[in-house]
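Letters A, B, C and D mark the chains as written, and numbering starts fresh at 1 in each.
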Amino acid sequence: MRPKQVAFGLGVLVLVVLPFVLSDFRTVQLATVGAYFIAILGLDVLTGHSGQISLGHGAFMAVGGYTTAILMANHGVRDLVTIPIAAAVAGGIGLVAGVPALRLSGLYLALATFGIAVVLPTILKKFDHFTGGSTGITLFGKPTQTGHGVGVWGLTNNQWLYVLTWTIGCALFLFAWWLLDSRFGRSLRAVRDSELAAAASGVNRAKYKVLAFGVSAAFAGVAGALFAINVAYTSPDTFPITLSLYLLVGAVVGFFGSIWGAALGALLIQFLPDIVGLIPHVDPKQGGPTTFFFGLVLVVLMLALPLVLRVASRVANRGYLGAR
Amino acid sequence: MSLLELQGVEARYGEIRALHGVTLTVDEGDFVALLGANGAGKTTTLRAVSGTVKTSGDVLLDGQKLFRRTPEAMARRGVAHVPEGRGTFSTLSVLDNLRLGAWVHGNAEPRELAHVFEFFPRLYERRLQQAGLLSGGEQQMLALGRAMMARPRLLLLDEPSLGLAPRVAREIFGVLGRKNETGTTIVVVEQNATLALEAAQHAFVLETGRVVLGGDAADLRKNESVRRSYLGY
Amino acid sequence: MTNFIQQIVSGLASGGIYGLLALALVLIHRSTGVINFAQGEMATLSAFVCWTLISHGWAFWPAFGATLVLSFAGGLALETTIIRPIQGGPLLGIVILTIGLLIAFNGLDTWIWGGAAKQFHGPFSTAPIRVGGVAFSKQDLGVIAVAFVVLALVGVLFTRTRLGLGLRAAAVNPDEARLVGVRVPSMLALGWGLAAVLGAIAGVMAAPSLFLEPNMMQTVLLYAFAAAVLGGMDSPLGAVVGGLLLGVLLNLVGTYVHWIGGELRLATALAVILAVLLVRPSGLFGRAAARRV
Amino acid sequence: MTRNLCALALAALALAGIAAASTSGTPGVSSTTITLGSSGPLTGEAAAAAGVLRGAEGYFKYVNARGGVNGRKIDFKYLDDGYDPSRTVQNVRQLIQQDNVFALFSVVGTNGNLAIRDFANASGVPTVFSASGATTFGKEYAKYPWTIGYLPPYAEEGQLYAKHILATNAKKAKIAVLYQSDDYGKDVLAGFRKGLGAKARSLIVQTVGYDPTASDVQSQVAQLKASGANTFCIFAFGKFAIQSFVYANKLGWKPQIYVNDVASASSIMLLNPQSTAEGAISILWGKDPATPKFKKDAGTALGAKIVKKYIPGGNPSDGFLIAGMAEAFSMVDALKAAGKNLTRKGLMNAVTHMNEANNPFLVPGVKVHTTPTFRFPIASAQLQRWHNRHWEPFGGVQSAKL
């Protein structure tokens, strides 16, 4: 067996063991981590491998989250069924968004996606007959909720959410792994590294860039759906610009472009507030410090990253960004 | 008195060694051509002098050894480097490009500008246009004009005739010759060896990062191997 | 009719602030080639510094002057310590870094000064002046005047001074700029310092009418992006005119298109950004990047 | 491989954070402590409202220093949700499942409370004296028996302003309304319309909403002025309310202004320059420390003492702190009434049988009164008028039909 397969096996083993040793509440926190994990995987595909930046991935999560919430609350669709629909809706929107994105260079794409993430909550609030406005949509106790918020198959509700999220998370991880190792992944990186060279070798750059947008958005859609199911609630403020930015932090923490680091980034998003609380003389209740440290982590990592990547690529003896 | 001296200069790009100990001397007022095949190290030799590549070995200017060469510092010492590909500031106007040439002297002097426009009347006509909109030949003229604005003691040129119509290339070399007559030392890297050897007084031939041959341009023109390899007859 | 004119006048007043921040964005983009997402938060931080000096008994103008000096130093320090190490790497790295600064500065403001809104006494009176049925204040006129004065100064700096020439050269082609003797790292640092100063002016001008709190410039940043893009990302004149146009546009659309109302102002600004980027990326005043291959 | 190990290490770190197991019996109650939990916007645009939590915390500390409640000390744990309801849900999940709180107390915000009530009720955790005045928290007790609000219902607040307009200017009033376009704003506006009754249609000349993420409301105020109104209702939060005063003044518009309770604390009103807010009317139920009438009051003095001793960095004239203390006072009363053998059912029984007339932080005449079928702890309020940079209460304590 190759080291990566061993690592994946170990990872799955840890995931299986965790619920037995963790409290019920930590289990559900890790379920939320799973949702972030999936969103970061998507961001890795898009930004890490096709070189298109998105500062607005929270917006695709919102699309997924609202697809699930509206279907569950208003159309009697079972929560599990809404997940692939959320992926399809978000993925479809991603494909559509990917076309104009082709026309935008890196900086302007960053600007546009940032703008979309800032604006989306106000649009969700405006169309309140559809989205429930700022009140949001409560899913807890809805008949379409698997386990009705109590639990299922002898699992507590939290354990159920954990199993659901991480089963999908592992499946999508394997999918991303396979995808990026396939011809598709190679073509993506070829386009990223040199559009000219890729075009010369017959790769249709537009097709691959748009597809990457679609795949990435579908991942985020699943993440949003799972997030909504996890929290059993969704509202416009669930998907603020800070969520998008934190996802970016998560992707950077996970050594941008490496799906293996996604878990690390996801854990950071969830637990950084707790870690900040451990610093002496810092009152986490003030809120400011946590935000500050999120920014600081990003800044420090961006400064350290070139160094880390150089070392990593020496160790792994691989090319760009050291890993895939 | 030698203006420029390279002693055993080595340079590398990452893992690839481009210069394996280049040694050559350029006298004050000289016009030197560097010849060689692709990848022989001509361009890197120029870059070694202007400090745009990291090197080991010694580079001497006026007999003084130079430590910590940076492009800015070399510009201040009177070395003007016109890299290959007519590097101009594409979104700046022709006039601004020329003004930048005189950066090391503070503000550009009108006299100097007039001088450049005398050499290149086309540039005067197009002085308010964006540099990026000029034709290839005009851009090369601009690059050269900009270098002249620096009133350099040593002018380094990389492939000034590349991609230009023969008539324009000759025009450029004509200007170089006139500049050289007024005392500017010139080192030119040129694919068109015929043209280069006509204009230059001395020449060096580089192969795989070393100087393999050097001497009077006129002598080299008669050299059998040079003729076969670079002059094509 | 009075309301129509009033909305235009108010729009110009808000637009002046958008334009000022847009000017800072344009300056940094022009001199370093980067879009600085932290610009709004840097402006807020400067405004807090100024507020702190004033609340310690300083008069406005000395406090303002000191804030500009501190902001300039801060911008320089930021470039030399944080931006420079990854300068020359991929541009997106620097963009992500500015996002980190955005988050960090916002947290820092909240940490130090708390989240509650603070009153900020500006240099201009907010007492109303009425002409016909239309009202405005010295504050509004002051902001617009400051925007144009700053614009003129930036214009002179860029087109009439040696420093401006160096700044532009360093941005367009850093390698080439070094060859002619321009100290490129110093130019980039100066660019950041100057942008921080412009941001500080925007922040201090905005604070009296928006009320000072850590998120003060967050929405303004998006408006400033829209203004800068509308004017053409590289044109200082475009930034200010774009800001004023946007301010008026948002007010008129918000007032007369009931479907949009006050709730979709941000969305309107985003629509402007997307439309300009996709249809005419050079904006109203920007020159198409000339490039011949 | 190293990276994967890193990930494992971090997971292990997360493991290390497992909290201690809960005590037996009623969750959150031990022989020496009662654990209460809450969530509120400690950061973000609504951060000022978190003063409620800090005020309550201060009062609990004060009570603890005097022996606590029935021999137990109150441990009050509150988390930041940045006014994002889904974070409120996650916080509440943590408080109930991880921190084993006995009850949720004074969760801040209408949307946050709406988001958590299904979960909290399904978990059987009392969610008491929520810092929201949404009418639904008092009305839907059949569906949500474990939930009860505290603040005067927003709909009632709207009605009181309507009543005042009808009483003073029914003939000539032309009303313009600026409201925050969310549940809060719409709730107040609905109450206001209901209070005007049949006259609502003719008296209200224009209503305009704003989004709370906006930077300013200048355009909206100009629009309202253009409607020709002579009465201006501001149903808006903090800085938007102040901006409304400032912009109206700038436009030379001098209507009779009504400003909602959430933005009428003196500490906020004083941000208005000079005379821009002169004559504005609001409601009052807790004692505003800056109001001259209450300056020498015993309750105000107690509040100031608590701020000084237990709330570092707190501003003694911050009305949110006092509101929090008022809630905490009622909570302590309820806990006392629930008895030595504290259960969650017992607490709900106590909070639905409140009859508290001695809350020192409330305006004289405002009582905390509830029954199992009337769950509006504070159902009455007094009007007050801004004059010479302070509030002056006028008229008696009144209430409205809900």
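Just so it is clear, contacts are C-beta pairs under 8 Å (C-beta built on N, C-alpha and C of every residue); 3 or more make two chains touch, one makes a residue touch a chain.
Here the structure is a predicted model, which means the values were calculated and not measured.
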Third chains touching both subunit B and subunit A: C
Other chains in touch with both subunit C and subunit D: A
Chain whose averaged C-alpha position falls nearest the assembly-wide average: C
Identity of the chain that, by mean CA position, is farthest from subunit C: B
Separation of mean Cα positions, subunit D and subunit B [Å, integer]: 76
Subunit A and subunit C: spacing of chain centres that average the CA atoms, whole Å: 32
Distance from subunit D to subunit A - Cα centre to Cα centre, in angstrom: 35
Euclidean distance of C-alpha centroids - subunit B vs subunit C, Å: 43
Junction residues of subunit B - those touching two or more other chains: none
Sequence positions of subunit C contacting 2 or more other chains: 110, 115, 219, 263-264, 266
Interface hub residues of subunit A, defined as touching at least two other chains: 122, 125, 286-288, 290-291
Touching pairs - complete list by chain label: A-C, A-D, B-C, C-D
Residues of subunit C defined as touching subunit D within the complex: 2-3, 6-7, 10-11, 13-14, 110, 114-119, 126, 128, 130, 135-137, 209-211, 213, 215-216, 218-220, 223, 250-251, 254-255, 261-266
Sites on subunit C touched by subunit B in the complex: 162, 165-166, 168-169, 172-173, 175-184, 287, 289-292
In the complex, subunit D residues that touch subunit A: 1-4, 6-8, 10-11, 13-15, 17-19, 42-44, 47, 78, 80, 82-86, 89-90, 93-94, 97-98, 111, 114-115, 118-119, 122, 181-183, 211, 213
Sites on subunit D touched by subunit C in the complex: 42-45, 47-48, 50, 181, 208-211, 213-220, 222-223, 225-226, 238-239, 242-243, 246, 249-252, 268, 271, 273
In the complex with subunit D, residue positions of subunit A that touch it: 3, 7, 10-11, 14, 18, 21-26, 28-30, 32, 121-122, 125, 133-136, 138, 140-141, 149-150, 158, 227, 231-235, 237-238, 240, 255, 258, 260-261, 263-264, 267-268, 271, 273-274, 284-288, 290-291, 312, 315, 323
